Amino acid sequence: MTTQNDTLLHVSNLKKHFPIYNRGILGKRVTNYVKAVDGVNFTISRGEVLGLVGESGCGKTTTGRTILRAETPTDGSIIFRDNDKGEIDLALLNREELRDVWRNIQLIFQDPYSSLNPRMTLEQIVGEPLHNYDVLKGGALRDRVAELLGLVGLRPEYMSRYPHAFSGGQRQRIGIARALALNPQMIICDEPVSALDVSIQAQILNLLQDLQAQFQLTYLFISHDLSVVRHLCHRVAVMYVGKIVEIASTEELFNNIQHPYCEALLSSAPTPDPRAKRKHVPLIGEVPDPANPPPGCYFHPRCLYAKEQCKAEPPLLREVKPGHWSACHFSEELSLGS
Amino acid sequence: MFQFLMRRSLAALATIWVISIVSFVIIQLPPGDFLTTYMANLREMGERVPEEQIAAMRERYGLGEPMFVQYYKWMRGIIQDGDFGRSMEWGVPVSMLLWDRIGLTVMVGLSSILFVWVVAIPVGVYSATHQYSILDYLFTFIGFLGLAIPNFLLALVLMWIGWSVFGQNVGGLYSPEYSNAPWSIGKFIDLLSHLWIPMLIVGTSWTAGLIRTMRANMLDEINQPYVETARAKGLTEWRLVWKYPVRVALNPFISTVGYALPQIVGGVLITAVVLNLPTIGPLLLRALLSQDMFMAGAIVMILSILTVIGTLISDILLAVFDPRIRLE
Amino acid sequence: MANVEQRGQKANSELSPILDADILEPEKEKIAVATPRQLMWWKFRKHRVAVFSGILLIIFYTIALFADFISPYDPNAFDAKHKFVPPMYVSFINEDGNFTLRPGVHGLILHKNPETLRITYEKDKSVWYPVHFFVRERPYKLLGFIETDIHLFGLGEEAGSDKIFVLGSDRLGRDMLSRIFYGARISLSIGLVSVFLSLTLGIVLGGISGYYGGWTDNIIQRVIEFIRSVPGLPLWMALSAALPSDWSQIRRYFGITIILSMIGWTELGRQVRGRFLALRTEDFVLSARLSGARDLRIILRHMVPSFTSHIIASLTLSVPGIILTETGLSFLGLGLRQPVVSWGVLLQEAQNIRTVALAPWLLLPGLAVVLTVLAFNFLGDGLRDAADPFSR
Amino acid sequence: MGKNGLSRRDFLKASAAAAAAVVAARNVPVTSAAPLRQGMYKEAPMLADLVAAGDLPPVEQRLPVNPRVITPTHEVGQYGGTLRRAFKGLSDRWGPVKLSEEGAIQWDAPDPENATLVANYISEWSQNEDASEYVFTLREGLKWSDGMPFTTEDVQFYYDKIFIPQLHTRPGPLQVGLTGEGDEGIMQLEVIDELTWKVSFSTPNPLFVLRFGNDTMGMIAGPSMAAPKHYLEKFLGDADTADQALIDAAMAANGVTTWQELWYESGPGDARGPINFFFRNPDLPVINPWRSLNSPLDDPWVMERNPYYHAVDTEGNQLPYIDGMSHALFQETETLNLWIAQGLIDMQQRHVSSANFTFFKENEEAGDYKVVTWKSATTNAFHPNISHPDPAIRAVFDVAEFREALSIAINREELNELVYSGLLEPRQASPVSGSPNFDPEFETKWIEYDPDRANQLLDDLGYDQRDGDGYRLRPDGERLAFTITYSEALSNMNPDEVQVVTSYWEAIGIQISQQVLERSLLEERNRAGDIEIGVWPVDRSSVVMGDPRRYTGTIDDGCWAPNYAIYMADIVYGDGTTDRPFVLEPPADHPVRRIAELWDQVQKEPDEATRNALFKEIMDIHKEHPYMIGTVGEDPAPVIVKNYVGNVGSGFINDDTMRNVGIARPKQFFIRS
């Protein structure tokens, strides 16, 4: 991993379990837990773009939201190195303290429709954080909103319009403008383009990339789309059923796969280069129910290379190469990927 | 299914228990205790009551004991002996007065529901299949009108028309010659000839709502692809509509019975007062006006229990028809 | 702060090119900047019946507000010489048989059958009283504070003891028109006051239930389920019968109002809760929180506005139920009573079939009830349809 | 004075005088007419059939040796038919009861002019010099409806098991068997022989017969002072005669759990239980003209003639004429009104209100009936509470001029026209015309409408200052404002009257608010004594001495000095042990003290002239400055009589004291075929 000094966020052993209730004769009782996030570890350096990839339901969105403390973690720590305040464990903060943190960490939502209050004008939406933190008021606020709109490629004249007047892509720009309003150090992008038309996706991705470069932003970029991640991220973490199974720099990961799941995932994704020859590894079977995951390695029922050990012993995430971590008993023995 | 049944039954029991408390509170609500009321009633009728008798009654009804003891005694009486207490006004056990009338109340209520269904389902289907037709608008309007006219007003107007146009008293459930007669075909026919008026009155206020529900459900169903498929297969329009969409549309309809029931009971009650039906309604009103509270409490309780049971039955029916409900 | 400025400066200089978001034509631009309320209004306007109903209700409420100005007579002023006068035809033919532009009424000759004591009236063609407008008569306080004695119309002094009964008179010779107007005050306001109370209860309890969830939610849900599963009318009857009868009419009015709202809040509570539950997980609520909004601001600025329109629609739809219940209770003698004039009280007086057979115009308050209830239903329907202008 | 086609004031002037004469105790026996010769009796065809079939003994053996002879009101009637009537169910017992009750001494009025107390199932009675002993003799051969002989054993049984002397430890107002002097005041019974018994009191009880005539003393609608021992003793759970099987069956049928509850409804001694009240027990032997056939919980409840009834008409026809009665159940009076108009009711007075006079008249032809009018011994009245706990209010009300102002501010003619279609009579709250206590001066006291004088009176009393709203102010600066408290159930008084009177009083500058109470609560409040102005009709105004509680102020349901009434009740009836709190004592020289003393003397005064003079003094106190502000009264009490029903007289007085419908002697009503 990168040096400690550069680390902006250090997530360790993060868990988020949702209780399952069963309505019995005498009311509700908890019968089980959905382990949406189950012991996730990673770090992000300042200015880095970390991709978090996985099939839908693997817990990546929950991970993002838990880091933001939109969800309360069941266990683990989320150390954030604030510019001014030094290291803070987000997992321990109360609501009021979190408000301070959210000045520095922001979220870009997947759905540009539901994430904008339809009863507010652009000015109110984008200005909301500025207003809430008493950063700016009146004309200054308006100017800043205009500026932010400009940043994301929208005309300042639109300020008095309501979201219903905008297309999906435009709305996502509004969401980005809002996230940028307070100059956060880090932005969690929760599948920011998956709800958009393919033609628009590139525009938004470029915008995000530009902004990242321009402001040296740190992104946790959550996506199920490997090609998007490859295009944008410095490093990539792959999640499977609440756990990270492989994490490495983008270059390293795409060229030197260490985990069978990643291999399957990669081979099922469309490649940007049709000429590139890749071994086709089918992803068979269903993603297991996170409430009742299989014993041992969660992936073993779908794994082409599964052995006895995999059925009994859960593999740990370990550094198989410098900067390349994988959670497979047999990473070193298998020769995966292209 | 068993779990579902148990859960619903337990909930119903809990509700009934709360109802019993509410009813007891109603009995206790009027200022003073019911004995003063009782004595006043006796005097109104010309009786003279010595103080000794008042003291004797005070003892007998356990007045002056803590509230929960009185409640316990009252509940024990109901559960053990079906004794709901004594009607102050009538001077006999409440239970002696109620059962006949409860039967008729349930009958009027059920026939009203039947009426509502018989009218609302076909009209709703028609309105959905002939959306925005003149008849559709007409039904909607009539439905709204039925919703807007208070039951008692409709009853009053019908009574007035009956009286001033036909010189007939349209009240009651039987003609005088049948009122004390044993059950016979003649009496039954006579009953039917009187029953349609309260049925109509209670029904009107509910058909509107149900027509709209049915129409909306039908519209949802009728645009489903499977209907198109069936049409493509050459089913006649009539069979097409009645075979599938109606059946499916009926499901949410059944569940409306659950919440319609309490209101229909209320409708029957107020209509019965105007039409002088020998149901429980006029008895309740009279009990309330003369503060015959054991009677009033018992009636509120019995009506509520009947409603809860009715709702339970409709819940169970619904669960039988629509297994999704069970999982909820 | 400095940081922000600095970055802003930088950003300005390196603006990415503005993307080709459309410059809208004026008509579309109008829609683009329309507030949600405006959108709702535009949508509502298309619902003709609802608009008409709304206008009707405004008229009704105006009448209620200015009842003392519009009513020709005191609603409780009796008149032994004018019992059971049928509604009068306002005629434009004066005593000489000539047409005039001024409306007026003919005099009445009273006949009393010596045997049955039945009173009948005959039109006296030789007497014609023109209707005067803005006549000065019994003093009153307009809106409760402006002292005046001007009334919209009346027969003036020249008519002496003769009167105009546009909707007839009742058994004590009281003017039905004035009584219906005054009755509107109680009957229309009881709906609003009660709905307001229901709303408060519903929003507070439903809001708590929906926003916090958990066991509070559970308890409130059970209470709502209980109230809804018990037949209302007997319960309301019992509760109104149990109101201490030595209460003044004002207290009684509020007592009844509270009873009505105790039942009415459940439906609203359920809806508010449902909305809260749905909204709580909406992304824009989360985004507001991440934007540093505190709970109160989230609820008031983000959640409440997005369901007010729905709530207004359901409020409108629940007013008629309350009006009907008040009318029903008063009709049964368990609600309000004389000398308070409400539509229910008026109908209770019409409960008597014999009287109604003699004087069917006593049922007219029922028409007022029906019209009001219909209007509220249509209005509520229109509002409900218009409530969600953002439906995708 | 004829008005609206109704005769007025021609009522029982003579009759009441006759009544007073009866009350004037004579110590000579009062006997019924001489017996008719045997073999001259005729009977109803339905009974003749039974006799022919051998199911019933012949009429001569069923009648007593000397049956009572009743002179028909109009003509000798015909046998047969069922009279259709209506009632409100079990609680409406007084309708059927007053139709058929049988006192030893009973009011009888062959015509409205002649109402007297006569011997009914007894052949004669007598009393001693100081009116402390009374001797009664049964008609020989009198039988219960099951044919069993009626003897003094039945009287003893009644005294021991229903009257239960031990129960009466403290006298209450107007208890017939008590004189109001502690334990010794309780009626003592001595059976002399099979037909004769004597009751005695420790002090003179001259009003005993008068009260006896209006009370069957617990055995409602049964024979006063007797009960069918041979039947009832089987139901005495603690006696040797008990038949447990019968008791168990009766308990089960009536939903009660103890045998005592078969005997009483509310407590020992009320004799309204399911077993000893003929209304509820078809098996109970009676001596009434009709006996019950089913339960009053049934609809209709029906009665059938008693074959052993002890009276005949002047031609020797055994009464009653009518075979049976049928009472249909109704909830709302409205329903009854419609039934009447449809001709479904044959004869009815109870629940028939003068408020619907026009409706009844207009439907006479359609319903094939006539509206016959009687006259209620009632005047509607407002009662300013001169004993109000607030001394300021008391000071206002207890001034004659103030009450006069209230009274003359009422336009009684207009009120009458407005609310009662002019059917009633403007009058002061006073004994009705025809009453022995009738006083034309009293009747017209303060009834002339004179608002100017009313205003003048109030000005002179110091209420001449007015506030911004035009209301008068008391000298202490408070507004002259009162609350009228009333119930919507005011017998025949129309609550509209309160609205109208309110406006009259508002017109003279007094602010009036209204409070409507449920009836029992009104009584409760009246007992508490803090009502400002109460509303209640002043009834019992025919033979006032029979029940003078309206005038002595000791009745529970509306009176003019409730707080003084406690004090007065103590003087008049009590031994100082009433459980009502002693709120207020009347001032030393207050007239109510005199009223109480006078009434105490009246009750014990054996000499008729002295007694009447003492009683007149009570009425004169009221006349001097009425406490109860009467408005209109002498309600015409319409009676619906089907055209084929005969012998229902008109013009009778309608008063509880004279048993309402009972005074028209329903047993001689008949149905023309």
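Just so it is clear, A, B, C and D label the chains in written order, and each chain counts residues from 1 on its own.
Throughout what follows, a residue touches a chain if its C-beta (ideal position, glycine included) is under 8 Å from a C-beta of that chain, and two chains touch if they have at least 3 such contacts.
Treat the numbers as computed from the prediction; the structure is a model and nothing was measured.
Chemist: Could you pull out the chain whose C-alpha mean position is farthest off from that of chain B?
Modeler: A
Chemist: Could you see whether B-C or C-D has the larger number of C-beta contact pairs?
Modeler: Result of the comparison of B-C and C-D: B-C.
Chemist: Please report how many Å separate the Cα centroid of chain B from that of chain C, as a whole number.
Modeler: 28
Chemist: Cα centroid separation between chain A and chain C, in whole Å?
Modeler: From the centre of chain A to the centre of chain C is 53 Å.
Chemist: Could you work out how far the Cα centre of chain B sits from that of chain D, in whole Å?
Modeler: Spacing between the chain centres: roughly 41 Å.
Chemist: If you look at chain D, which of its residues touch at least two other chains?
Modeler: Those would be 334, 338, 518, 521.
Chemist: Would you mind listing the residues of chain A that make contact with two or more other chains?
Modeler: If we look for residues of chain A contacting two or more partner chains, we find none.
Chemist: Quick one: which residues in chain B touch 2 or more of the other chains?
Modeler: Correct list: 30-31, 163, 273, 289, 291.
Chemist: For chain D, which residues count as touching chain B in their complex?
Modeler: 89-94, 167-170, 172, 174-175, 254-257, 264-270, 272, 274, 297-300, 328-332, 334-335, 338-339, 342, 344, 366, 489, 518-521, 523-524, 556-557, 579, 656
Chemist: Which chain A residues qualify as touching chain C in the complex?
Modeler: 27, 68, 70, 99, 102-103, 106-107, 109, 111, 113-119, 121, 128-129, 132-133, 135, 144, 147, 150-155, 158, 160-162, 164-166, 170, 173, 175, 178, 181-183, 203, 207, 210, 214-215
Chemist: Per the contact definition, I'd like the list of chain C residues that touch chain D in the complex.
Modeler: 76-80, 83, 114-119, 171-173, 245-246, 248, 333, 337-339, 351-354, 358
Chemist: Note which residues of chain C are touching chain A in the complex, please.
Modeler: Interface residues on chain C, with respect to chain A: 1, 3-4, 7-8, 10-12, 14-19, 21, 23-24, 28-29, 31-36, 39, 218, 282-284, 286-294, 297, 302, 305-306, 389-390, 392.
Chemist: Taking the complex as given, what residues does chain B use to touch chain C?
Modeler: 11, 15, 18-19, 22, 26, 29-31, 144-145, 147-153, 156-157, 159-160, 163-164, 259, 261-263, 265-267, 269-270, 273-274, 284-285, 288-289, 291, 296-297, 299-300, 303-304, 307-308, 311
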